[in-house]
Every structure is written in C-alpha cells, then in structure tokens.
Amino acid sequence: MAVEQQILFAGFGGQGVLAMGQFLAYAAMGIGKEVTWVPSYGAEMRGGTANCQVTISDEEISSPLTENPGSIVVMNRPSLDKFENKVKSNGTIVINSSLVDRVPEREDVTVYQIPANSIAEAMGNVRGANMIMLGAYLHMTGPVKVEEALEHFDAIFKGKKPAVIERNRQAFMTGVEWARNNQ
Amino acid sequence: MAVEQQILFAGFGGQGVLAMGQFLAYAAMGIGKEVTWVPSYGAEMRGGTANCQVTISDEEISSPLTENPGSIVVMNRPSLDKFENKVKSNGTIVINSSLVDRVPEREDVTVYQIPANSIAEAMGNVRGANMIMLGAYLHMTGPVKVEEALEHFDAIFKGKKPAVIERNRQAFMTGVEWARNNQ
Amino acid sequence: MDRVLMKGNEALAEGAILAGCRGFFGYPITPSSEIAEYMARKMPTIGGVFVQAESELAAINMVYGGSSAGFRVMTASSGPGISLKQEGISFLSEGELPCVVVNVSRGGPGLGGIQPSQADYFQATRGGGHGDYHTIVVAPSGVQEMMDLTMQAFYWADYHRIPVMIMLEGTLGNLMEPITVREPVTEFVDKPWATNGCKDRAPNVMNTLHLDSDFLEKRNHHLQAKYEKIQQECKRAETFMIEDADIVIVAFGLMGRIAKKSVSEARKQGVKAGLIRPITLWPFPDDVIKSAAQTAKRFLSVEINMGQMIEDIKLAIEGRVPVEFYGRIGISPNPEEISRQIINIAAREGWI
Amino acid sequence: MDRVLMKGNEALAEGAILAGCRGFFGYPITPSSEIAEYMARKMPTIGGVFVQAESELAAINMVYGGSSAGFRVMTASSGPGISLKQEGISFLSEGELPCVVVNVSRGGPGLGGIQPSQADYFQATRGGGHGDYHTIVVAPSGVQEMMDLTMQAFYWADYHRIPVMIMLEGTLGNLMEPITVREPVTEFVDKPWATNGCKDRAPNVMNTLHLDSDFLEKRNHHLQAKYEKIQQECKRAETFMIEDADIVIVAFGLMGRIAKKSVSEARKQGVKAGLIRPITLWPFPDDVIKSAAQTAKRFLSVEINMGQMIEDIKLAIEGRVPVEFYGRIGISPNPEEISRQIINIAAREGWI
Amino acid sequence: MAKGTVHFVEDRCKACGLCIEFCPRDVLEFDNESINILGYHPVVLTKPESCTGCAICGLMCPDLVITVEKE
Amino acid sequence: MAKGTVHFVEDRCKACGLCIEFCPRDVLEFDNESINILGYHPVVLTKPESCTGCAICGLMCPDLVITVEKE
Amino acid sequence: MKTVFQKPKSLQDNKFHYCPGCTHGIIHRLIAECLDEMDIREKTIGICPVGCSVLAYDYFNFDTLEAAHGRAPAIGTAIKRLLPDRFVFTYQGDGDLASIGMGEIVHASLRGEKITTFFINNTLYGMTGGQMAPTTLLGQVATTCPYGRKAEWEGYPAHMAELLAGNEGAAYICRTAVNSPANVMKTKKAIKKALEVQQRGLGFSMVEILSTCPTNWGLNPVEAMKWMEDKMFPTYPLGEFKCVE
Amino acid sequence: MKTVFQKPKSLQDNKFHYCPGCTHGIIHRLIAECLDEMDIREKTIGICPVGCSVLAYDYFNFDTLEAAHGRAPAIGTAIKRLLPDRFVFTYQGDGDLASIGMGEIVHASLRGEKITTFFINNTLYGMTGGQMAPTTLLGQVATTCPYGRKAEWEGYPAHMAELLAGNEGAAYICRTAVNSPANVMKTKKAIKKALEVQQRGLGFSMVEILSTCPTNWGLNPVEAMKWMEDKMFPTYPLGEFKCVE
C-alpha cells in the first residue's frame, strides 16, 4: 500500500479552517498526488466548530474519512480537546498556541506550537492566522513542500483579486519565516 | 356450500340501476340473509354504463364479485350486449324490452321481457322504470319475495319524503301487477 | 345487535367516530371522497371538527397539528393525494404522532384511474417518505372490518404513538353489506405530551429536527425499538385451510376475501389450496407465512398490482418454497379467474 | 486531460450541463442547495433556464413541463423535499418523461438533520409515490463518478424514457477531489413525442390519466416490460476482492468507497473480505450478489440507515447465506469502524 | 331581415335547451319524436323561414352541434 | 434627568453594536480588553453617570444581554 | 349561403363528455376560435387540469399536457421558459387553481410568467361530485358543506381575479361569464386579449370565466344560467381588474 | 432602583443561536413580552417554521411545535379549531410563508382562521445560506440570483401584507419593522393588537415584520438596519393594511 497521509484541520467557524484544507488539497494536486478534501459540519448551523479532512496519497484513495488522522492542525481549544486522542500514534499535532491555552497530554505524538493569532496581529492581518498557520505547518512537517505550494499559489487563488492573493502569500510566508526561526 | 345467488343489474347511468341493487340488498338483509352489494363504474365519469352486483346467501359471503352471475337484469341494449354471455348456464336474463331491441341469443337461460319504460310512461312516472322492473323481476324470479320486500319498503327508503316512498311503491306495485298479468 | 346495511367508506368513517375521532381533515379525491362527505355531515353534529383542507399537504399537516393537540384525528385520500402526504407522514412518524391515514387506493402510476388497486403496497409498507420509519398498515376485507379495523387503528395509533394507515381497494369503499355497529370507545390513552397549552406543567415541544447526529441516531434507535415491539405484538392474518395445503394463496384486502372463494373452488376440483390473508401489511405476518412454508409446496401471491407483496413473502420464506405471482391492474380479479390459475398450477405440477 | 479539483455537487451540476441539461428547476434545501446555486450562475451564461421554483412540488412539475417540451432537465433536493416530489415522480414515470432527480440525502425521518444518510433507499428503489413504477437509481461514490454517472443518467433517462435518480450522501456533495472533466455530449436521442407545438405533425399529448382499466393494465404491462429491459441492461456494480472472500461487504455510495478501505484493512488482518458496491440501486445488481453467494460464507450490508438495502441482498441470496447488517445514522462510519466489525465477525465465526 | 339556416349534428345534441332559450327568433324546439344515440330528444329548426342566421344558437351551444349559414 | 443603569449578561453579548448605536446618551462601548465565551468583545457601560435608564439599549438588543434599572 | 358558424380547427371532432348544458364546452370552443383567428394553433401548448376538463386533451387539436392537480402553472412556466416563442396556456377549474394550486398560480403571476390562464369558476368541484371549492358561495350547499357554506366554518369565497391583479407580474386579469350571448362574446374578446398580452410578452394573463355546473348545482342548464347571474355575479363582479399596456 | 427592562417570562433562559445583530431575537422577545402582558403564556401554542428560527422552540417558554416547511398555518388551523380557547400563532420566514407556504397562508386567511401569524421578512433564505426569496428586492443579489434579481427573470417581490389584506377572512394585517427603537415599539403594539384580534375571534391576523439578515446581506448589524430603511421600505411600506373592528 502506498503512503497515505490524512490531516484534519479544526477550529471555530470563521477561522478559515476549511480554506486551509482546500489550499493543501490544491497544492497536493499540483504536485500530482491523489487527494481528497472533505468538510464536516457540527450540529450548529453557524458559530460552532468546523473541520475538514485532507487525504493525500500516491494511489487511488478509497476512504476520504478516517477516525485516526496522522496529523491534526487545531486552531482553538475545543478542537484540541475533541481530537487529541484521535491522532495516530507517532502522529503530529499542530497547535495555534495563541488560542489554545494548554499543551497536549499525549506523549506519543510530535507537537508543534504556533502562535498564529499573535503573529497575525503583529503583521496587521488578523484574518491571516490560518495562512500563517499553514505556512508554518508546511515548513515544519507538511506533506507538500513550501516551494511546491508556492508554485501553485496563483492557481489555488484563481479568481481572487491580486491584492487578496498577495495578502495571503504574505501571511503564508510570514508563517514559513516564523517556523524557520523557531524550529 | 349454501345456496348463493348473484345478480347483476346493468344499464345507463341515471336509470337507477344502483338503486335497484340496493333495494334488493336491503330486502335480503330484511329477511335475514347475508348480502353484499357492489357497484362498478365504467370508464366514463358520467353518462356511460353503470352496474352493480348483489350476492345473497345463507352463509358468510366470501366473494362479492363474480364473473358469471346467475341472473342479470339489463336496462338497456349495451348492457345486454356486454353481459349476455356472462350469465351462468341455466341462469336468468331479465330485459327492459322498452329499450332493448333484440332478444338474447343464449338458449340455455330463462328470459323475461318487461317493457319497463313504456309502463312507466303509461303510469306517468318516467323515472319509475327501475322500480317497475324490480317489482316485475321480484315477482317473476326474485330471490326475495314481493311480500317480504314490501315489509321492508319503508325501512329501505328511510329518510326519504313520504311522497317519494309512495311514488316508488306505486311503481314497484305496477311492475308486480304487470308481471302477474303477463306471466 | 341489529345489523345495518352500510357502505365500506361509511363504516370506516363511523368507526372512526365511534373510536373518538374528533378531527377530520381531508381533500376530496375519488374514490375516497365519501369518507370526507360523511365526516362533513357528522362532525358538526357531535362537536367534532371537519375541515376541507386546501390540499392533501395542508390536510396531513392539519392532522399533525390536531394529533399534537391531543385529539384522535384522521385524513383520507387516494393515489396522488397519498403521495403528496409523504413528507407529512415522515414528520408524523418521527414526531410519534398518533393518527389514522386512509388510502382508498386507485390505479396508478400518475393520474391513473379510479379503478381498484393495490399498487401502493410498497409506498405503504416501505415508507414512501424520507428516512427510516414505518407506519402500521391494515387492510380490511369487508365492511365489518372497515369499522373494526378502523377502531383498532385508532387504538394502535395512540398506544404505540404511530400513524396507522388503512389501505383498501376502492371497490371495498363502495361495497355494502350488513354489519354490527360497535359501541363507542370510552377509554383513552393519556397524552401528557400534547401541545395544548402549558398550564400547570413545563412546556411541551413537538419537534422532528435533530441537528446533533448522536441524538438523531438515538431517536432512530428509539423508533426502531418501537417498531420491533410492534412487530412482536401487532401482526395479524386470517388463514383458511392452510394446514394441508399444497399451494398457499396470499392475498390481502377485498382481494383476499375473493381469493377465499377461489380456494374453496379449487378444493372442490381436488387441489389442496389454502389462503393466508394478511390483515396487517406492516408488520407483515411473516410468522404465518414461514410456518406454512414448512408444509406447502408452493405459494401464489395474488395482488392487484405488478407484484409487490411478493417481496415480503419471499423475505419470509427465504427461498425454501417457490413463490409465484398472479396480478391484475385496475380490476379485482374474479374468484373464477384465480381458481383457474390455481388449478393450472396444480395441473402443471402434476398434483391433479 | 488536465485534472481539476472539484466539489461533488459542482461536478454533478457541471456533468449535467455537459450532458446537455438546459433546464434546472429547484428549491433550496441543505445539503443540495449548491447544485441550484451552481446552476443559477451557469445557466444564464449558456442559454439555459434556471428557475427557483416556489416549492419542490412546483419544481418537479416544472421538470414535467420541461421534459415534455423535449429538453434535458433536472431538479435536486433532499429528504423532505424529495418526499414532496413523489406525486410528480409517479407522474413522470407514467408519462415516461426523461429527467434527472438528485437526492443529496440527509438524516430523517421528519426534519431530521443535515447529516449524511442513506435512509431514503426504500423510497428511491421501491417508488415512494403511488402506483407500480421504478426509476433508475444511481449512487456515485466519488467526485469523478458524480460527473460521469450524471452524464450516464441523462443518457439512460432519454434512452429508456424514464426518470433517473442520483442519490448520494451529503458528504459526497461536499467532497473535493481532482477529476477529469468530460467532453460535452453532442448526440441526442430524438423526441418525436415532445409537446412543443404541432407544426407539420399531429398533436402530441402528454397524459397519465387512463380511465379505461384495460388500457391502464396495458400501460402497466408496457412499463413493466421496459423495467425488465432495464434490469437486463443497466445493472452496475463495482466488486473488490470477492473471488475468494469469506465475507462480502455490500455498501453503496461514498459508504461503499469507505468500506473498500475496511476490506483492505481486514485482509491485512487475515480476514478474506470482499466488497460489492452497487452503482445502480435500481436495478439492483442481484446477479453479482447471487454469484458471490456461491462462494462467500456471509454477507454484511453496511448502510447509513437502519437496514434497507439488506432486503435486496436477501432477495438476491434467497436464504443461501446469512446476511448481517451494520448501520449508523447521521454519520458515515469510518473505515476503521467497519473493519473492526468485519474482524469481529471473522473472530466470532472462527475464521481467524 | 337577413335569411339564415342552421344544421345540427343531431347525435351530439344533449338537449340542454340553451340554443332554444337564447334564439332571438324562437325558431328552435326539441324533437319529441326522435331519440338520438345519446338518448336525448335533439333540437330541430321548426320555423326555417324565420331564422336570421344570427348564430346565437351556435354561440350558446356547448356541444358544437350547430352549424349556421347565412345568405 | 432620570438616573438609570444597565447590567449585562456578558457571555451572551455578540458584539453586534446595536445597543451602542441606539443609546441616546452614547454611554456604551465595546470592551476591547476582554473576550467573552463566544469570542467577542462584550459591551460595557462607560459613563454610568449619564445613563438615564431609558431602556432603548435593551429594546434593541437582539440577545437579551441587557437588564435596565431606573430610579 | 355561406357558413357563419362552425367548429373551429383548433378543436378535434370528438364528442365532449360534459354533462348537458355544461359551459366547459362553450369555453373550449372560444379558446379554439381565438387560436384559429390568431393562427397560432401549431405554436400552442395547452395544459389541462385535473377536474371535469381533465379530458380536454381529447378535444383540443394541438399539443397538450395533462397536469397533476393544481400544478399546471408550474408546468407552463417551464415550457414557456424553454420555448419562449410558443403560446402556452393553462385551463384550470376552481378546485385546481384556487385550492390545491394556489401556490403555483400566485407564483406564476408574481414571476410574471408569459403564459395565459383560463380559470373556470363553477363554484365547486364538478368532477369529484360536487364538493365545496374555495369559490363556493356563502350559503351554497355542497357535499362537503352540507349545511350551506358559512363564513364562520368554511371561510370566505376566494376572489382570484382580484387577488392576482395585485401582483406586479400580472399584466392582464379579467373576469367574464358565459351566461348570455353578450357575455360569451365578451369572454371571447377577453381570451383573445389575454393571448395577445402573451404574444407581446407583457407578463402573466388570466381570464376568470364564470361557468355553470348544472349537474352539481341540481339545476337544468337554463336555470343554471340564471342562477349564475343571480347568485354568482354579486360575489364575482365581471370586469377587467388589470390591463397593462 | 427598579428593573424596567428584563427577559420576559415567556422566553426560556437560553442563548439564541442567531448571528450577531440578527433581529429574529428582538422579535422573539416582543412576542414573549406581549404574551406576558396579556397573561396568556399558558394558553398559547406557538408554531415554529423551517428557517433560521427553526429552533425557536428552544427559546419560547410555552408549548410549541416545529412545522414542516411552509405548513405552519395548516397546523395552526387544526389546533385552533380543536382548542378554540387557546392562542395559536405561527412564526414564519419569507421563504416559509411566501414561497413554499403560499397556499397555506392564503387559505388560512381566506378561511378566517382565528390564528395570528408573525411573518419575518428578511428578503431571503437565511438558514440555507442566502438564496433568493419571493421577497428579495429587485436588483438584490442572492446565491440563486447571483446577477441581481431581475423582474424579467425572477419576477417581482411578493407583497404579502397587501395580498392577504384583500381576503375577507383577514381581520388584521399590518407591516412593521425593527430597525429603530420607535419601530420596535410599533411592532410590539402591532403584535399585541394581532393577538387581541385573535382573542376577540375576529378572524385571521398577521404582522409582517421587516427584519435584518446581516450575515447574508454581507453587512454589519448597524449597516443592516440602515439598509433595511433605505432599500426595503420603498418596496415594503409600513402600515396597517386591514383592521376589522
């Protein structure tokens, strides 16, 4: 069986969690992988939590869903609480430490802490926390390399205004930068 | 098996064919028989043909329907054409000869001819042809005796105006009378 | 008791009133309209409510309201009208709202015709609406049963908190025969859940929305448990000469009654025939079928459709005995027609 | 061909357009609304018609009109909305009007929830509407199939003159994956029966009323003959490792795809598992099931409901092999959950 | 005064009497002597000389029984 | 001028700003220092002395955050 | 002599199944005459309702569809949108249009669908045997209001022409009757005008036509005409309610 | 100090799930206040729609039902007929009432059902994500009229208050808004009046309330209030359209 990676992105609705997963899906497709992206909605219609699962593989993907993702990227505390125990052994937990005020209890996983909201506020782009997180995540452990993702940046944001793309690229790169400096 | 009689009444819609069958059903119930009455509608919504089947028995009736009734009472020509061949061997065909301009071809059945409409016109009650027919039919061959039917006359027409009941009784008796004189 | 000559549809309507039905909400459609007309005459005289709804949709939702208010309520329709009620029936099922829905069936699909039919069997027994639910479905075969099963339907509806469907061929609605009129029901099931004003208690809510998947799953398991209980308790069938039967006819409704005569006729001709007449279509009396399958050599499903109940027979028999089908459309086969069919099979199989 | 990352609902809508669909009539309901929204954006740009109908009833009747006018047309809805369309679907079936009806299923019964569900299986395969009819029902399992089966659906609809239903779990509508976008369809079936103005020909009539019972019966036999032809020609299923399987999982839609992983997982654990994924739910691929039943020791139906397709499996197997059921409600089980189930059965039966 | 005449597809007449009621010249009547295929006494023109061909009978006939001619 | 005061169920405030917008005395503001359970900066009374207890804030608050008292 | 009155081409040569004196027949003919005169028979698609005129497809001599009860306007909407140069009309009874089909007709008029509706108001359900309709008059007896319609119980008659005229998408709304030669002529004019409104693409058009049901009214056809005038006119005044130019 | 403003008894103490600034919340409270003031909480049965206010049963503190989309008036009809001394109201959005539920609301008003309807007009389908409603303004963008509503394609906005006021069974019909303190007060008066009309058995009553949907309008709550006044008021003038005494 081919290597299959499954990543779960989770956070509040409005934090851009679904977009993070889609970004990764586009990037993975860009480098010729098989990929699926699937959102899951909470019980609440709005507010509430949002999450999505991305599966990346060299072969046809049978199940886009899993109970036990290899990595989780959590943007807020409730998401960590909910998904910490689901991560596979030897998996990865990436945490937005600005909004998560605890560390994981699991000892069999690798943990990365990224203060995405603080970085975002610092760079004056409060809505950019998700791209910062993504940049940092990809640099540190991502299934797609930062350079590869950057190659497909314009394609991913196709149809968006240049200014928007630029703002996202900056946030993404700030995340990458932060990761480089803090690893 | 108990003796079970099945009679089919057929004619144009508006000739009071269904009422004839209901009358017989009430009368049969009156004398303690098991009885079913079931109408059948033609394809047309109005105009068209109407017919009903009455089953009278001493025991519980399983099927209220039959392909081959023992007797048929036909009020018009199309009904004779349609049902003549359905009557059981040794059965009975009662014909409203005012509106049926042919005699049955079957030789294995008993045929009665009653000029119901002419009698009705003669007595000045054009809508009374069905009761005339019924009176004659019961007198000649009916599964319920005329006297028995008369006993339940008021019950059968319960709720109707006395004048209406009287008009019906007269028509009925005129039919009986005619049958007495012409048998 | 005195016997009264009554039409099937009238006996059904009167049975409902005797059972305490005090709300009828309907939209006319042949061959069911007589039931509404009877209710329109009677309800005002007994302090009940008759509303001619603007549509079948409105009618079934009036049933939803009336039942939720704690009353015994009913609607009646046919073919296209029953299809229009499917959303409402699904809601009633999940709301566990007792009520009676009458389908005086007509020929389909589409506008079809007003002829007798049993082509809505799947719709009635498999749930024509969305989601996992069942309604109890009863199929009377004569005028007395029209009254009695209607009263039973109201009881089951309240007792199990479930919509009950009464399904019959149009012919049966028009059939007249003498029946014994029953006593009015005087004891009723309590309905503490009714939304009739929250005086002296906490508010009641009648709701079928469950956005939380765990809760939705729980609700479905709750319903399923109820359906299993009903399957234990409510299966009903009439059997006739099946003990030694080589061939067992299965037929329901008036059709079942007609088939009885065919069975007698076949017996006269030396064929060991028997009859199972399911009285409840859901729950389907598979137990009777199963046990008959231990001795019978063959089953014949007779339906006024293209073959629907036959699936339930097959599911009950699990391949142990062959099941054949005889069906007509838009017409109740005559007893003679069916006995010919039975005799043909017997001849073909070399039993006679 | 370049691959494009697309959402299931979008791929379905785009597939319809590629297949020549030029009329979409719908009423919003989660989780189907994206299809309408896609059509609202696209139709005006390609000379097509998008109408947001006032209700699901109006929508399905617009489909009736549009199809009768000779166009490829579609509607999409979910749960309660599909129930509301049942009268219309029965009419479309009897009118033999080609069209595509999409059910992006949600949890039921009642208002239920917007979670993934397969609880409308009975409704889809047994005809939730009145009368004897069938629609072809296809169940895609991925985004590519969302496009491809939609195009196939339009072809089958025209070719067999039948409504085709596409049924999927809500999750699949939102699933994104890379697909190959197909070429637009350029060859179409002639529709001399279309009611589009009687210039140079005798008037056409689109009618489902048949008051004459003989004719009604004839029509039903005609439909039945067509359904048999479709059963000959259109059954589709994907199979995976069933040749030597002790236990065969049967699952459809996205669920079927998920189960594939469970089968692989079970194989890793030494259980000879296999998968049959019905692609057409009606006609049900009973042939594949039947032949698998000759070697398999056990079947497991995995559904997102309380057990519906299991009846079709049983009808196909006729009691030769036991059939078990594993179901969830309001949630797509994970592959791990199902493989656990498979392994448990294997352990219980002493196969491992 | 204009001169006209009317023709009937006799077997379609349902004897509703609307033509008789509305004919301004009172020239139509039921033919009590004959019964048509539908079982009704169809309408006939009793005073052909008085018919003006005004076509009101045709206008009011629900069953397209009548054709009207005029000089 | 009448004297009043307002109390907030802080954790229900969604920071829609309607109370601020409609308060005739301009005495309400978002508290940028605190974040409530819903993730919003809730509203606070900044000039308690100027509140008249007119209850307009309560009237316009869609989320029943506000109780108003008056002397 | 030349023929001044005969069957229009847009009608087939079939006997109507209607009861004696039922004015459905007159209305069928008027529609057919208008189509003939406008020479649009081959471009017309008629949508028949569920009601006594359910078999209208056997009479009209152009393309027709039989609709599900009440849904004709939805069907018409789709056909007209997909074939904008055709003429599309619906023919609907008061049960069909004003009861079960209320949603569809109100929305077709709101959307300004360029179709024409002929609305046959005979105050009850003819086909199913005389049940109450939304248009049944106060006091009138029907099988489902056996004690006479009371506002308190069964509510008030629906005034469909007035109701729809208020919708902006409605371009032409008119109520006529077929109880007299003059009114029949006026009805024909209204039918023609409605079709012309469709031709000019002005919006939705409807002619509400007061029609008799001798059978279920329990009157002979001539009495029925008088009853219409005496009883229906006060509740349903004739006239144009909307006429966009 | 005495409390001059607080949560009414007829509301439960639950957090609303509505978006920030959504005026559904204000309207819930106004209804609850009126029930409190009339002291009829225990005799009231509320029927909630399918729409953003689908969970209203979690907020109202009296008996409630969750209706199928659009059918609340039918449900209310049955309850009120069977329990004539109770107060029955429906709470319905514009998709619920004016689109799928058009038939039910028109007929409830025609029949003069003694129920009260609160009709929340926010010009679109909030719950399902901003699709067009019959009340969407001309030119307004929604997800199913992405190019802005054009009369030619999507037809004209439905004026429900005007439409229903024409029906004889309607006793009180009024349109109000909740965009300002004064209008909120007027809305409350109208709600009270409608309930009093029900109490007096005068017939059907409805208050159409213009409400905001900041989320799907893409505006912040304060802007949304202004937008309502600027854009909605011209199409939907406030006022009493019917008031039978």
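Observations
The letters A, B, C, D, E, F, G and H name the chains in turn, as written, and every chain counts its residues from 1.
Please note the rule applied: a residue touches a chain if its C-beta (ideal position, glycine included) is under 8 Å from a C-beta of that chain, and two chains touch if they have at least 3 such contacts.
Remember, predicted model here, so these are calculated numbers, not experimental data.
Following the contact convention of this document, no chain is adjacent to both chain B and chain F.
Touching chain G and chain H at once are the following chains: C, D.
Seen from the C-alpha centroid of chain C, the farthest chain centroid is that of F.
Top-ranked chain pair, ordered by C-beta pairs in contact, is C-D. Rounded to whole angstrom, the centroid-to-centroid distance between chain A and chain H, based on C-alpha atoms, equals 42 Å.
Centre-to-centre spacing of chain B and chain H amounts to 62 Å, using the average Cα coordinate of each chain. Taking the mean of the C-alpha atoms as each chain's centre, chain B and chain D sit 55 Å apart.
Centroids of chain C and chain E (each the mean of its C-alpha atoms) stand 54 Å apart.
Looking at chain A, one finds that residues 43-45, 47 touch two or more other chains.
Residues of chain G found to touch two or more other chains are 19, 54, 66, 68, 99-100, 102-103, 107, 127, 134, 154.
Multi-chain contact residues of chain D, defined as those touching 2 or more other chains: 54-55, 57, 80, 87, 91, 111, 113-114, 207-209, 211-213. On the chain A side of its complex with chain D, the touching residues are 1, 22, 25-26, 29, 34-41, 43, 61-68. Chain D meets chain H in the complex at residues 27-30, 33, 36-37, 40-41, 44, 50, 52, 54-56, 80, 111. Taken together, the chain D residues at the contact with chain G in this complex read 22-23, 25, 49, 51, 53-55, 57-59, 61-66, 68-69, 71, 73, 87-88, 91, 195-200, 203-209.
Partner chain F is touched in their complex by these residues of chain H: 1-7, 11, 15-16, 18-26, 29, 180-181, 184-185, 214, 220-222, 225. Taken in their complex, chain G has these residues touching chain H: 99-103, 106-107, 110-113, 134, 151-152, 154-159, 162-163, 166-169.
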